[in-house]
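Here the chain labels run A, B and C in written order, and each chain numbers its own residues starting at 1.
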Amino acid sequence: MNNLSTSKPLSYWSAFKSIFIREIKLAWQKPTQLVQPVVFFLIVVTLFPLGISPAPKTLQMIGPGVIWIAAILAIMLVVERLFRQDYQEGTIEAWLLSTVPMSLLVGAKLLAAWFISCSVLVLITPVLALLMNIETHVIPALMLSLLVGTPILLFVGAIGNALTVGLNQGGVLLSLLVLPLYIPVLIFATSLIEAATLNMSYTGQMSILISMLLVSCFFAPVAIAAALKNTVN
Amino acid sequence: MLEVQGLTCFRQNRCLFAGLNFVLSEHQICQIEGPNGAGKSTLLRAILGLFRADEGQIIWSGKSTTQQAELFLQQVFFLGHKFAINSDLTPWQNLEFWSALNPTQNDDFASALTKVGLTGLEHIPCHSLSAGQHRRVALARLWLTNTKLWVLDEPFTAIDKSGVQLLQQRFNSHLTSGGMILLTSHQDLSQEFAQLHTIKLTDNTGEII
Amino acid sequence: MWKWLHPYAKAETTYKLCYRLLPYFSWLAVITLVSGSIWGLFYAPSDYQQGDSFRIIYFHVPTAIWSMGAYTSMAICGLIGIVWQIRNAELAVYAIAPVGAAFTFLALISGAIWGKPMWGAWWVWDARLTSELILLFLYLGVIALYNSFEDKRTAARASSILAIVGVINVPIIHYSVEWWNTLHQGASITKLDKPSISPDMLWPLLLNISGFLFVLAALVCLRLANQILINDARRPWVKAMVSEKTNKAEQSKNKATLADKE
């Protein structure tokens, strides 16, 4: 019955797929976690007209920045619990002991997390753009900037979560680590939208954002793998 | 063959053990004993590379495990204090997920779950299972894995008598087919396994009896 | 190629090296800083536009330069520690972080003081000052992360990883802030456009720049030695050293009492 030499071959692709599917299944079972960041995103944006001024001109001026800052805060919520359950239940340990490279597994998890929590943020922005009185021709640029920008935020934030997941303290430390790293994304994304508002070409900002996305795709899983390995120690 | 050479581990500036040496070869089972906090779990984790040892090395079939991490991990099964069972997924889904990341001899989850007495519970979320049943889901992997070295941290806790017997049977069949087992336990196992080696961890160095 | 680093992987060697280097760095720092500051503050000619208020560059520029330099060297230490598994390099990360943060803070304060007569406000969202402020946040992150862990070995490694991630971001942040600045204010206010600075002003500046480097080095040596000692407090070599020192102290005490008796 027990033959120690034969084994079913392990493929990286099937490991990647299984993590991705697992994340989707888990999200399906706990839809509240899926909805919470979106509602938060909406509420934060709503606060600004109430706190500053509902004058259309003002809203138009601060709109892109407000939506982006709200998106950053919403992603902080996503990022904060990204690896927590996996760490507490020992799944991270199991990943480290698997022969599949840790950064690949982390990559699968991040990709799934983007689809589960961030894609909804991108999809809901047209509604927010209307609330903030942003002109309709700017909306595609706004959505594009979030489409490229949110994965960067997620990946960089995940590094922070991987570093702090073993600690009992929650979001404050994480924000201190992660928010300064978000500044370039915020600057380029809002400047992209500003260019779009003025009917100018925004390929420059877009290509900078895309290259930041590529760099974070490449480095973040490696850094996260190292951080998780350290935390499990 | 697993060889531990001069292993020294500190945790938070406290020396758990220093210069620990032992050898575990095929068909052998080794129990690590010691009071709470003596570093039993740390020793297991250091062997697997989950804990960074201060000194010493682990040799697996003639080569250091740090030089051939992938080859070594392919032949190791680990069950720790946390058993990597997601409480929102069903036992079946958990095994499915685990088998995608670990070398298995077959993917016969049904019979593995039957073996550990979880028939009928395959498709309900793990959070509605009891602590013992939770543990049995993790132990079901022992009937799927085809690794050579089993490293088990307290495998008998929260398991009833019949379950313990079942596990011991599985251990014996693994040992006869050339496997090796390294485990920590507070139970006396010398009755069940004739060839039991023990390592006692005290305040400073491990002694081999 | 990296063989020469290996002896310093041993805690004891690094500890002794730190204490051997410390007096050199300290004296060099005192000499260069005293001469540079006196020269710069009293003898260098005053600026034709800013008068005497420009003299704060003798503190602002060196601290600003080494706040960046300290971050880079911190990240390099972190990288060495992680790639070659050298624990002392990881400890050096936390040895550098608070010193670097202090330099950044000094640069910010001196920048604000300089800004008051120049711009009429203590704080202006100038590109350099803004990047310096973000750099301070990055330092605070490293320090906070280190202090959150009970196990200092995990702490040192976590802050090393953060330092490396941060250093990849530092140029991006710098560039983005500059972009943002030109976008919003025009390039009207930049402080040190090009170093078209007269040699009489430059020499004391260079002296102070090297002086602050020596201060940084001395403080880091001192902190690293302490970190190593705290980390290894229960290891044999520290115990041996402590008992040796107490023996010596006792011997000298005995000698003193003998001399008294005679």
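One rule holds in what follows: a contact is a pair of C-beta atoms (placed from the backbone, for glycine too) under 8 Å apart; a residue touches a chain by one contact, two chains touch by 3 or more.
The structure presented is a predicted model; accordingly, all values stated were derived computationally and were not measured.
The most centrally placed chain, judged by C-alpha centroids, is A.
Distances between chain centres, each the mean of the C-alpha atoms, put C farthest from chain B. Looking at which of A-C and A-B shares more C-beta pairs in contact, the answer is the pair A-B. A separation of 47 Å divides the Cα centre of chain B from that of chain C. Taking each chain's centre as the mean of its C-alpha atoms, chain A lies 34 Å from chain C. Chain A and chain B have CA centres that are 36 Å apart. Counting only residues that touch two or more partner chains, chain B has 52.
Residue numbers of chain C whose C-beta contacts span two or more other chains: 151, 153. Multi-chain contact residues of chain A, defined as those touching 2 or more other chains: 233. Residue ranges on chain C touching chain B, taken from their complex, read 150-153, 231-235.
The touching residues of chain A, when paired with chain B in their complex, are 1-8, 10, 14-15, 17-19, 22, 25-26, 29-30, 85, 88-91, 93-100, 105, 232-233. The part of chain A that touches chain C in the complex is made up of residues 156, 159, 163-164, 166-167, 169, 173, 176-177, 179-181, 183-184, 187-188, 191, 194, 212, 215, 219, 223, 226-227, 230-231, 233.
Touching chain A in their complex are the following residues of chain B: 48, 50-52, 70, 73-74, 76, 78, 80-89, 93, 96-107, 125, 146-148, 173-174, 177-179.
For chain B in complex with chain C, the touching residues are 10-15, 52.
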